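Inspection log for the structure reproduced underneath, given as structure tokens.
Residue numbering begins at 1 within each chain, and the chains themselves are lettered A, B and C in the order written.
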Amino acid sequence: MPSLGADMEAGTLVEWLIKAGDPVKRGDIVAVVETQKGAIEIETFETGTVERILVEIGAKVPVGTPLAIIQTQRGKEGVAPPPPAAKPPPPLKAPAAGPPPVAAKNGRVARGARISPAARRLAEQHGIDILTITGTGADNTILLNDVERRIAELKAQAPRAPGFDLAAMREAIAAAMARSKREIPHYYLAHEIEMSACEDWLTRRNAERPPEERLLLGALLVKAVALAAQKFPAFNGFYHDGKFEAASSVHIGTAIAIRGGGLIAPAIHDADRLSLDDLMMKMRELVERVRAGRIRGSEIADPTITVSSLGERGVETLYGIIYLPQVAIVGFGKVATRPWVEGGTVLARPIVNATLAADHRVSDGHAGALFLTEIGKLLQEPETL
Amino acid sequence: MTATTNKPRLSRSHACDLLKQMIRIRRFEDKCAELYTQEKIRGYLHLYDGEEAVAVGVIPVLEKRDRIVATYREHGHALVRGVPMKTALAEMYGKREGCSGGRGGSMHMFDQATNFYGGNAIVGGGLPLSVGLALSDQMRGQDNVTACFFGEGAVAEGEFHESVNLAALWSLPVLFVCENNLYAMGTALAISESETNIQRKAACYRMAAEAVDGMDVIAVEAAARRAVAAIRQTGQPYFLECRTYRLRAHSMFDAQLYRDRAEVEAWRAKEPILRFRSWLEQSKMLDPEDLTRIEAEVAAEIADAVSFAEAGTWEPVGELTRFVYAEKTA
Amino acid sequence: MLHKAAQVAVTETTYREAIREAIRDALKRDERVFLMGEDVGRYGGCYAVTKGLLAEFGPKRIRDTPLSESGFTGAGIGAAIGGMRPIVEVMTVNFSLLALDQILNSAATIRHMSGNQFGVPLVIRMATGAGRQLAAQHSHSLEGWYAHIPGIKVLAPATIEDARGMLWTALEDPDPVLIFEHIMLYNMTGTLSPDAGPVNIDKAVVRQEGRDISLITYGGSLWKTLEAAASLATEGIEAEVVDLRTLRPLDDATIMASLRKTHRAVIIDEGWRAGSLAAEICTRIVEQAFWDLDAPIGRVCSEEVPIPYPRHLEEAAIPQASKIVAAAKALLKRA
């Protein structure tokens, strides 16, 4: 059944002008087909002998159906067209819809309440529950300035307690620690450091100072680590995208306990270059701000190496987990008086266990040992810190 | 093949060439019909069977620099003008290698190299365009003729009258060629025009006009020479009514309920190829070998064109929105 | 190659004179440019735009045509293809319907149908709009219809500067450009900088900045919109007025930037409301700036009625400053 028009889908055979055995040549009218436009004569494009009629009079068949077989010199040819050639490329798909709107965490609106798109977006951005907003637009629709007003209200009401969400923070820490353990091949080294030089020096140093200006051991520990980190860059920097980038500065992340549980380790910037007094002041200030919940995001992200000291909690040794994307964490246990061998004799000395947890992709035990022992050496000469 | 004198030169080679051109068109149209039934060619297909003498008589008289505007029944015009058969067929397949990049199809063949300005599916739509082309030539002092082909159905459209009036008023070098095949789709001339002597309409606009037997390729050629010479000499437009007949239906999907089979057969008996061939054979200007050679050459060219079109490529869908505006080059 | 604009001595001028100067400038610069249309020569132009040009440039370059819109628009298309740079003047958009076939089926489509072989560097100028009590057949604003068609560009100069500067840029464009001149603007007076020259035809412009609501408009409606903005300002509402300048292509970037700032919009379009260009702009805003919206989008269009003859009814049928003010305030209304 030939195609005679773009809108022709089928035709009804109403007359055969040939029968089996008849000779035909190209251009001969061989049949009559009824279409929506009327009866149309159809011609054959083959020359040969009719072998067999395939479709009966009265049959309605789709375009492309063989109607008869004609034997030509080349072989059997159908009167009807061969199957259509390769289809043209598929039609252009409808353009993809734009990105779906950001799902609001608390975007549910009370039955009957309405909110403008801009207002909805602003509320989401600030994490405000739409149910708590009164709308002043037509039909009580919540408008932009209604959300802005609510934001101002909330700010005014906000308590001086930590501005960050504790639960969210612990969740984040948990996730970070899990990932660190999963991704970083930690290795651990421990070293005992004799602290009498530090203690003596501190006692003398603090004797003439009022309490608020006194130095604590922690400052000495941080400074020693900072100076050592300067000398051993493999422990000071970030591991990203499969490679380590040593940091040009030394920002020590100091682990500080949060009330209610959890640790946060904001940075003391350029700790290697600060004087001990400045360092101490910064540490004090950090602790205050952590308690007030006023830590900046950059302070959490900036540390190039972390120092964690849980000494007063009463354990000998602390094995840390590295804070991604850093590559090392130095831990200090409590300072305790323990037997110490010196010059062949056993003496009682203040000893602290220092540990290093480091990223084995970046450094190995040999380098780690040098780093740790360097810290120990520095702490033997506190006056040079 | 250009002509510079008014006298028809009917050498044997010229005669054989005219015959070949007509046969070439006829066989090509026949192949298009076949391909259409096989759904290789889609949309609308309007074939030129019976009217070959008009295109073959007029177009070779024009120079390469002259311009041609045609209708949706323009395959014959394109072929005679020199649009390569393979690109014409590829165009009908919708392939990128077609003369209009595959974008136009059967009704919209354009070819810059041969000054072929389409291919127009709006009856009468090409007439104002040809007036404009001629206007640009006049204003730029270029000695070109614009030949505008259209059917007798177009003379009912306002645009025909507007265009013929403008061409006569502004003395534009347009050759209006009306292919009067007696039917505008399914409407006979007798029931659509108060004045069926079409050349008189042009004469009303004070335009030189004549009618010629469109089934006689020699007569058409002679008239075309006269017309083109007059245009070049006087700068005035000319109207040539070619009286012809369409042997096939208006388009492929046409039950021809509007005319008698007997009428069609009567015209088939005096169709241009049959007539010219008989006359040439009688005048001993055509040997059987000539005819065999012509048919073989034509068949080979058509087979080649089919292979070319079949092997052609589809324009990627990603390029859909090209060619709407000029593209900035770098 | 852009030439520098000819020095124009006048500083005080009219919209009409600015267009005439633009045409004169084009005719002097490029010998391929010529203008044809009804009554453009001897009559001096229906709106007196081409007065004096016939005497200056002669009948071949300022060509009076018979009343054959389709014929001479098609001739313009053919002449453009043939290497000229014609300016076809269709007396008004009301008569352009007779040339619609040539504009849509030839001018807009020849480049595409020919597979990029032939382009149509044609400019068509038309007067448009209502306001002179010319009744139903002489008051259409159909530029929105034309803006529907791929393959052409559609401009609506609303200021004297744009009237002076858009024509040359349009003539240099390789594709057909339609320029719509609102009839109520021809007499508008204003100043033109002495070195006024070609301006871009692809960007909208913020005519007046504001924070509270965007008033988006074009052509003859621009001045009503600015008047409305002044009125709103006295009530403490700062409106930002965006002059579209080009209706195809629309300058989405400028429109959306305004919405991001103000969150509210009213579109003013002299076409009839149903299926208007305003509807298209509305939809684009919804597609591209939905999350910036603080109110539904308003439209001030012509009412669903053929434009009537008596003054009070004509005024009621088309956009007015008072309607724009009301629409703006409705969007800003509190509960």
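A few points about this structure:
Note that a residue touches a chain if its C-beta (ideal position, glycine included) is under 8 Å from a C-beta of that chain, and two chains touch if they have at least 3 such contacts.
What you are looking at is a predicted structure, and each value in this text was computed from that prediction instead of being measured.
Using mean Cα coordinates as chain centres, the one most removed from chain C is A. When every chain is represented by the mean of its C-alpha atoms, the one lying closest to the mean of all protein C-alpha atoms is C.
If each chain is reduced to the centroid of its CA atoms, chain A and chain C end up 50 Å from each other.
Once the centre of each chain is set as its mean CA position, chain B and chain C turn out to be 41 Å apart. Mean C-alpha position of chain A lies 67 Å from that of chain B. Residues of chain B in contact with two or more other chains: none.
In chain C, no residue touches at least two other chains.
Residue positions of chain A touching 2 or more other chains: none. On the chain B side of its complex with chain C, the touching residues are 67, 98-104, 108, 110-112, 117-122, 125, 127-137, 139-140, 158-159, 162-163, 165-166, 169, 322-327. Listed in rising order, the residues of chain B touching chain A in the complex are 30, 33-34, 36-40, 42-44, 94, 249, 251-257, 310, 314, 316-317, 320. Considering their complex, residues 98, 101, 116-121, 135-141, 143-144 of chain A touch chain C. Per the touch definition, chain A reaches chain B in the complex via residues 2-8, 27, 35, 37-40, 42-43, 45, 63-64, 81-82, 84-85, 88-92. Of all the residues in chain C, the ones that touch chain A in their complex are 263, 287, 290-295, 333-335.
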